[in-house]
């Protein structure tokens, strides 16, 4: 993660929550009152985003100290401490909700990703994310996927080509679509083609796609499609895959399984801040 | 929703996704190519955020036309159209993901809120949200809660006092905490006190709280606590309430049930954009 | 005040005044030249905003030291020192005007508020501000009001309902207007109703307003109106009140007097920075 | 005024006041409800900033129409209409306060400036402003000064040199200070020197200052000092000048009188928006 | 180019140049005065960025009309018209410099790129840019390279891996460096390895690099190195290549020649705006 | 330079280059790995912008140390060290390109300016810049000109009047144009008039211009024109002047020569960062 960007995001989020002032803590406590608080897991899961605790609190007050007990990507059990923070009470409490909201969401994503990785249990096939992230949080959510053992698909429309049915229909064929793109783009951009049939897979191979995606295919179809693709081309499958059925894709030989749910439907991991 | 703020958010989100350019659509299509696409529900639910389709696309290109078939808070069946957009292909496709991500998330929140409202099925008790929203999206998510039939709790630390255990412990008593706050704040700010015991509820009533919250209490306790509170003070319950058990709170007489899950754990409603 | 927001405001204000460079100080002094300067009151008044001296200068140069002699809300006599700053001459002088402009304005507001509080001289009735603040400075000006012994009315259109004549006319009655609002808003938002006649006051009481405002009424009318309102509802008066006539409102029993002049027509308190 | 900058400022100010939503108007009115409202002067004065009505409302809603009855710099009598706006009620009311706050402040500055110009009543001497403006509003306030018949001094530290006592003391003499500055700056920057004594005026003339300012001098001293300065050098006086005593400076022959009060202590001109 | 991003950049650039107001045009012309002006090439070259004329002027004033005579990537002769704009004089003149500065710079880059492409005169080898762009203008400058017939290398540190000598030294070998990267990154990111010797090229091939760059090699070395690389891996050469010697690289068989000079040392193409 | 503005620019530039993360360095190095690197000149020239090394790296990581060996405006020989930086490898490498791009561009401008100053070799005539700077970088580029021994012309449209042929044509005469401007602007703004003929120069003198510019005139014409202008008015020449012919202007007696090429066509000075 780009820490400079993280700081800009955190500023924006604190401004959203605190606004002109924290009407409760600023009237109850004086700027001199100090305290100590512990971030504790309230359910089992995998942690992501602990640096937000330290960087976030430093933005709010330079004298808040922070000790981390868990690293990103580490498992946590219900009741285990994640970090201890100490310093002036007002910023400790004013910053709590934003930090928890981010930490819980990121840890929820890491936890779900890790469940998918373990349910798949493959030495070959990797789990990856999609662009179905929360607007404004893509950097944080894609990072959380890697904490859970997953990999990142493209970050946006700018860093990878994805040729879909509309593009193919418009150009007339996969070959023409790939050619059109290659003739205009440099060598640092990968080209992925979405396919649904055996015929399309063959076309995509001939067109020289860098990655071929099998859209909404059964494990059997995927196994068959993978055979059609030389090892120098990466394969990916997407659509209809859940924690329940992911194990069926284990021996298909596909390189990547992309899962939109990792970011659009992860439940927050329950974490609380206990003031002492 | 403040439309000016919505536009600023949408700009930020489009910049995140599109970056310097859409490497696929800008190489496949020319700026002259036009098309038409339909937003279609892929599962049953409740819609929230349709104005984002129109406002979002207008930001990307002034000549995109938009026709809406559903209003916010309306139910949608799998397969039903939500909106039709037409205009230049490049912005139609470049804007798709951001708009879908927001529409799906907001509709997911509205759908979950509405499930809670219907499961509770009360003429008296209202469902409300919390500050456990996605950082950066609070305005959108709180709006989605109202589309689903829920109500908004405070928007941030700035527009409502919430006196919790730490504040009470620090001040010595609920009474002292409420007095401390009242002596400093004007008459437009409401004061809510979190309570866990009968004794605390009685204290909060005597302290003149505007709202008394029962934290993590059983339906039986709540029924008892509500009796202790005069009708001029609003009651709220929070903690441990799910879609499964919410009906048990129907006859407790409590005024508000606040649910963090509405915003931190809603699943996105599946919606797609079909280009024609 | 939210210190993070204060820093963002100060950055914006320094950029407005300094632009690309301070053509005078950057050519006269070298970055090595150091100095010391005192903020001194040039007339009697009440101080507000001293933290801006320290936070502002730290933004301009990390090695500027600052010692404060006055706290916000403290009285100051002509000639008394407020703070001493020392460090590199260039930022000391480049930051002077912005810091003085804010300090003088905020102290002017605190001074005027305090004059109103003392002229009113009531144990019961509080002075409060309005939304007639300088655009962009609301947080600072509302804070200055509290330094002078006043209270804050709502901060914006987002944190409190104010039902005025247009709203009432449109809905048909005060009762319908209040109902319409209550049916849509949660329990953390207070509802104030503006009234001009005895009849309207009675209606507002029946409608269950949280606050009833008497718009442009004489002390006699107010005394009479207050009798119509149960103690659980807060009363406020606004319009036509000046430093000269405010004492006439002392025994009306009204809870709040709101004064637009506190922020829209306060004179700056004269303060200077003397370099030594 | 730079209209692009004006729009950015207005956006920021509307976001400050409206926040996430206007809780009153958005619940009372539907987006379909339309209305008409008149800006009316509630006291005599001079108008400045009418374009803010049109530009501001256009930012809030593209279909609000605006008709202006007064131009900037025009006199207005109590009760006279300034502009009529019509369109959707929600933005009409949500934008009211910000637009009035700016219009009242700017018109207050124009009115005070014009009072000064008329009290001075000189064919030769011009009134000008200072950098004692409200942080964030300099462009608007300096523009308002010109509407009232005044002139602008430098806009910031970047567009004009002002050599004061500290600079002179540090360099050893006015001559050395001016030389130091001239040796580093190009030909588009004017150099003003603050003087307090006859001796200093003579030095400043010899040093080749572009403008010589007489700081806190009596009309008699000024008349004397002006004689020492060749007509190619501009003279300015500052300090201790009020509406009451400004006429005494009429025949001093000085070129400019700068008045901090124009911007730091102007009272807002009372203007209201009457919905019809 | 992302038009939304382009607009944000243009706003920032106009604010830099115009500041609070255009002191010349705003005093000479009234807002009613209209005019017409032609953008004319003052030397031969290739045009890039014409959309900036239209989008830029629309930002300044909605009623400025614009007619374009040249498309991006088109050659222009000295004296040829590029575009005609008409509308209010004040924005026509206030926007002139920013638009010319961008258009001249972008056209200068396109012209230089095109000179390189023609000097190379190869059916196989492509010219590409680097990250040696002007900070803040990368999107515009990389777009200008494509207008001149060149291709884009990676846009930033985020969309492509470049393994250099430091990385290799730290990891112990090219193989270990590539493995380390591949084990952490998804399938959409390409990996380029910088090499200087035959041995390193062989290692990079074995490590499975996507692109192999020959750093500062002679045409002879490159010809030899290219033979070592299978056609599925892309080759690139960088360093020491000028307009004068680029033809010597024509038959080396390398896929890409990257040239920092395209963006860091292009001369602006002379273009003027003639008001009629 | 305004350091606060410099920091805001640097943040924006780092975000442009690093985006969400540095895919190379963040995967090769751990946050614990530290290193040391030297900025070295790869050709002879003049340095400008060294403070960017320190301020830029501090923004990326607070623990990076920086030692500077050269000051702005100092000559550097090929191979000489400019600065040494040490600290964590990831930010050392992630920040390299942005810092080099700025340092090279600014040093290129300083070098070219200094070449012009030395080619002119005049005790009287000064070299100055224009507004033909890179949009977004004006502060940096104009500062670089001063490092090379040049002077700054106006910074934007806001801090100096430039009356050109269009303005004159519109007003009817130079005299009317100057009067029109003077009647509206204060005493801190200088007025420059562009002239092409002897007649125009005489008119400009009579109109009381502060600066008279001779547009595209030969050295002979300039010598003649200068004679027509009293010494209290500054003269400037612009257009058609190159490093090759600038010496011909040495004895013309003109005060300033403005050169657009200093900023629009300077070649970057080659500087590299060598990691040790």
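Every chain is named by a letter (A, B, C, D, E and F) in the order it is written, and numbering of its residues begins at 1.
One rule holds for everything that comes next: a contact is a pair of C-beta atoms (placed from the backbone, for glycine too) under 8 Å apart; a residue touches a chain by one contact, two chains touch by 3 or more.
By chain, with names taken from UniProt: A, B, C, D, E, F = Probable nicotinate-nucleotide pyrophosphorylase [carboxylating].
The shown structure was predicted, so the numbers you read here are calculated from the model rather than taken from an experiment.
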Same or different interface residues for chain C and chain F, judged by whether over half of the residue numbers are used by both? different
Suppose each chain is reduced to the average of its Cα coordinates; what separation in Å results between chain B and chain C? 32
How many angstrom lie between the CA centroids of chain E and chain F, rounded to a whole number? 22
Centroid distance [mean C-alpha coordinates] between chain E and chain D, Å: 44
Touching at least 2 other chains, the residues of chain C are 18-22, 94, 138, 155, 158-160, 184-185, 189
Mind giving me all the chain pairs that touch? A-B, A-C, A-E, A-F, B-C, B-D, B-E, C-D, C-F, D-E, D-F, E-F
Any idea which chain C residues touch chain B in the complex? 126, 128, 146, 151-155, 158-160, 184-190, 192, 211, 232, 234, 236, 255-256
Interfacial residue positions of chain B with respect to chain D in the complex: 1-5, 8, 138-139, 142-143, 155
Chain F partner contacts - residues on chain C that touch it in the complex: 11, 14-15, 18-22, 59-61, 94
The residues of chain F that touch chain E in their complex are 9, 12-13, 16-25, 27-29, 33, 35, 89, 93-94, 97-98, 100-102, 104-105, 108, 131-138, 156-163, 166-167, 170-171, 177, 180-181, 184-185, 189, 264-265, 267-268, 275
